[in-house]
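Worksheet for the structure shown next.
So that you can tell them apart, the chains are marked A, B, C, D and E in the order they are listed, and the count of residues begins at 1 in each.
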């Protein structure tokens, strides 16, 4: 049995350490395995390659006991050396991995024996196991990496996952096929292996509309890149089923570079927050499928500070105008405010594409109401990351997946992470301390309170304009058993083990 | 005149009109003449007087639309060409009636070899095989005096000089031994020396094949040298027709006289050329009476009101003029 | 009469380039060592077959094409090496009339603009009196004043040719090169233009270099005739002499080939054989030898120089040998024709007030 | 004929050089720093400097240009900054599909356009002529994306006749044909108009010429006159038009490939330029220019085949 | 003087002025009228737009008047952001026309000058033609992409790219016309009069080429608008919230299944503009310049 899955964009490569794209994770989860797995509840860590693990008292040493029956696609058995190699490559500065920080502050990772790995940290990292479930922690084959050299993850990939690499045509399609020997699926999968689908073609279809009709006409059986507008029609189409998970933590926001002339004024940031009607946007642009966001992470996420709930900035144009008036921003003839000769005309960098196109234009329209003339510059995804690492813009648009509040906060608000991903230039020693405390906390309460404080701080400063939380929606053919969407890094099919044609 | 043999070609009151953009241009209005086997008929007149349209009409090749045969008959061997079914007409074209055009540069298709263009007309009419047709084509090229015809047969038109191309055109027109050859200004675009060659060649071939020839030209001198009979056209009408010698010795129509007086002569210095004042009426002008009246010093009210009929002044000499014969009383 | 135009050794070679690198494969020797004089008020005709270099001679004279070698003097002043500014001044003295009445007038300029342009350019009229001068010019050339506001496409060929003549005449030149000015016209219009040119010559004493391939017109117009073959003058003589006693075999065949408007004078002489040879690869010796009935080995190897033979200049080894006369049969038009013409002319003169 | 091709090649050399220079120059102007693209946003300045040195970006421009030309001549187009694949292999994988698309587009649209144009010319002034001309004017007036979307909407979705995503396989497989059909139809649709219009006017023009009258005077049947003596001569300007419109067609291919997710050079070029993928962008520009030159060379050869005057 | 032609047939041929002949062609007339209305709407956009073209409203994707779900306030409905379609069309047409006119104008003038110069000074000809060949090797879309990569998206780079893309074609056409004009004897006549190069270029060459070039450009206009629309469609055109027809169609395509009017109306309007321009160009060509027919 074969499946065609359509999606919006391709990744630049399929080297787990060299791509942060969701598109890469989607494939890597299927091609490879991680030490531990994340259950669909997004909370529970379950076994992966490691059948068990122990954490030392000081929470700095993790000892993983590996399964002994795991083999790579080429038939070679997986050993602790492979795991050690993988993590060491991940954090090796020569690898230049943009996600090295996710491995924690590693002291050493060593193979104790063939099936035991010792993972030593310089400091406790409460999220380590969550991070190890991500595709960046995929176990790779040293021989394969060395054989392919720069073509690793481009012309081939030898993994231990339920599927094996067949062929990749960049920007067109990725073909993978069943890994016959695979039997080591995590316990929460209804099928622990081998996969029941023989071959999967991941087809890139940039056009939203085309993806929709591809599913309706049966040219594709699964996609999670469905336009919200089409959900109703898809659901109503015979042969198509739409499944949805609200446990997804994927948030869209626009950030302010807080040391830029206009948006450095907290009044401006606050007013902008008040000027945008997220509820209307989610209703009108996203057909009520998404959840309007006022908070920087989902209020359902682990360690959300409920005390902030009441302080969230909601739509109030009058108030926004008043704040700006009070702050001395005066409307000019063209309706645009300015102060001390500075026009309130921030430049926003966003990703090219219909989602940010709609979002940024909607925000732009709202801001016109309060005399803010936001300029939009859209960049192709491949350039945008570079653009967003500069200091050229005043605002930027971004979306991100996370497993917990801490995950998100550590990513964005550490001063160390300037200029990217801390594009706001949020440089606050106290925040750094709190984040460190949270990360190294050994108790849930300790962590929650530290992160909670950070959440309060950044919301107070209005450094972001949250837009919406996106749920995970998958459209699938009714020929398939109903899929339970998984929310890990937005890769809804996760390992693809549960994909199965109806009898 | 023998009664027995009917003329090969009889044009009777031919009128051709062109409908262009809502206006009607009467290019030819009532042209009549006849031609016997083996004779050469010259058709002369100024540019635009309808010579080409007349000759194309004989081939029934006036583009329709915008052209239209308004009236008249063209009898070839007793059959009216204007009412012949197209398929029948096609059998005559190129087979019994050949035609040579004015522009040797453009009248041959530049993308086919000269041989191919002759072979084509041979195979379609005489059912020769290609190889036979090729032989015949080489023979024809030899006949028209093209040097080394067996290699020239594979040349493209652009590889030949103007005179040579005109020879190929003649070979093409004569390929199927036509009874009638229509030559529409065959030498106008050529140099005097080449013109002499071509006229010589045509005379030669005519006496050899016995074909009748309609020679269209604007050059009275050419007519004088080559034709048995002449038809003088003015603004779509025949104004005078006569045996060549008669016409030159005793021209009757004021237009013919004026035309002849306007020719500079190589053999006698005339002090000053006589001219015909005024210009030819344009084809869209609706004119009552004689078309030459506006330029004619002898014009009377009758001339301006009524179209003069062709009247026979002497045997074979007809004039369309109310004032003819012009009295030469001093 | 003084020598107005003096042409010496005029030569024009056109380089021929072929291929992607524009390699020079040879030269078309369009005009080769041509010398002649034109007196004031005189018409020198240049005749020859198509492509023999007639137009090129005319154009190099006026520096519309730069000559390869030779000199041209107009009233003693050199023409070919004048600096641009002086040359522009000199152009007032020499003008050209073209063959094609359709192509030689700028279709986007009214007749008025066309005629006013040279007047204003050379300071022959001021913006004030230019209108009047243009109407004079029009009248001189037999056009009506209301023609001025029209564009060329609204005219007949003869009228256009008149405009072309008026333009050439505007600067009151001493010399006009007429490049086949009547070849494209109908006989009756041709006669009008020929008469006009002759009248103008008489009136203004202009010298004509009259290029034509029509021997009859040349006979009618020219005082002297130069016959050109493959870029060289092969014979030059007073018109009457040339037509009566052509000395070069080529001249003779040209005259023979010209048809006569007289059915009684049917020409039985076999026409000249062959085509004109390529100007890129001219024959050795006398260029005419491949077509010449008199050719000998000497002709094939040695090029005859142009030399004086009586009043003429001839380039033929056997120019003296040929003395045959009566090449052109003198024959008067038939009497009946003359009588009718007289009647018509009489009637016409009566018509005029 | 060989010398004709050789001539054409010789003429192409400066053009190619110009194309290289232009492509190089344009991309040098791009503000995006390729080192950042390559190293990712978090790279340290030292890393960036190292990458720049490695890629020769710190050397003077003319040196970069000549070393680039040197490498191109050796067939080394570098590696894509984004995928790290060799540019050669990226181009190779994309040029095939585009060539297929072009072929599939031309193979039906040219004969169809020529046929329609000839028919219109022969039936000049009739209803058929009007209809054909209306269609072809409409054809040149429709935005290509609109045609593509309509094709998907009707042929793909409403009638479910043909697939519309991706490339099914090589052109000689059934799946390949089925997948290429819609893109080729859409792209061809914008090409029929110009071809038909040009054919019509060219045929009309040729039918007015003297040699056609000669052909008629030989007594040839009208169809033969039109096809043999009219169309063949009329094709000469049509062929020229096809060469000139190749650029427009390539532009159309960019849109078509994007909409139909067809993995061709157009999509590659768009992606490469938008993502500041220097070597890949230069490679696509080079290959597009090369194909343009190639197309024009083919046009020249066709021209020589159609018109014997060209060769002498 | 003697031999004056009697003015009997001097009445010039009944050649009507070109615009009169144009008026006799009903289809061209309709095209001209349609184009005139469109141009008027584009110019008058600020005056006749019923709504602010940039103001979103909660009434998103309202269908046009012929649907029963339509909103009387929005005759042509609203787009995905709840902006009034009609107003956006007015403004969009405006920008589209500006892009077309400017790029054809700039590119046409530059290209024509190049082509005319190549014909006027044959020494320059090979250089100009090689330059044109190089430029021809860059399809307009590629050029647009590259420029957008340099300066970022927006109407200006699109205009520049389209102008550059217009140059080689207009240079070729201008050259071919100019070469045939240069062969005409009136050029020599002008030179014989002693005209300066400038006068010759301007009064003789340019004047005789200009109408043909204008017709060519009017026919080119349609194609340029289409390429511009394609560029916008690829996301390289005008920057939001500016409206441009290609961009509107591009944005609307996501709603094609549900609110087709958002994409279809601008696409159809583009079609109508280009169609009218093409028809008018054809008619003008027929009326004015039979030379351009091939």
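Assume a residue touches a chain if its C-beta (ideal position, glycine included) is under 8 Å from a C-beta of that chain, and two chains touch if they have at least 3 such contacts.
Please read these numbers as outputs of a predicted model, since none were measured by experiment.
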For this session: Show which chains lie in contact with chain C and also with chain D.
Result: B, E
Problem set entry | Interface with the most contact pairs, given as the two chains involved | B-C
Seminar exercise, completed: Between the Cα centroids of chain C and chain E the separation in whole angstrom comes to 49
Problem set entry | chain A and chain B: spacing of chain centres that average the CA atoms, whole Å | 90
For this session: Compute the distance, rounded to whole Å, between the mean C-alpha positions of chain A and chain C.
Result: 90
Problem set entry | Of all residues in chain E, the ones touching two or more other chains | 3-5, 10, 13, 253, 256-257
For this session: Would you pick out the residues of chain A that each touch at least 2 other chains?
Result: 207, 209, 213, 352
Exercise. Residue numbers in chain C touching 2 or more other chains?
Worked result: 158, 192, 195
Problem set entry | Residue ranges of chain C in contact with chain B within the complex | 49-50, 156, 158, 186-192, 194-195, 198, 213-217, 219-221, 240, 243, 253-267, 270-273, 275-276, 328-334, 336-337, 339-341, 343-345, 347-348, 350-351
Problem set entry | Contacting residues of chain E [partner chain C, same complex] | 1-5, 7, 10, 12-13, 15, 126, 184-186, 188-196, 203-204, 207-208
Problem set entry | Touching residues (chain side chain E, partner chain D) in the complex | 130-131, 133-134, 136-142, 145-150, 169, 172, 222-223, 226-227, 229-230, 233-234, 246, 249-250, 253, 256-257, 263-264, 267, 270-271, 274-275, 278-279, 282, 293-294
Seminar exercise, completed: Counting only contacts in the complex, chain B reaches chain C at residues 46-47, 161-164, 191-197, 199-200, 218-222, 224-225, 244-245, 248-252, 254, 257-270, 272-277, 279, 297-298, 326-328
Seminar exercise, completed: Residue positions on chain D within touch of chain B in the complex are 125, 209-221, 229, 232-233, 306-309, 312
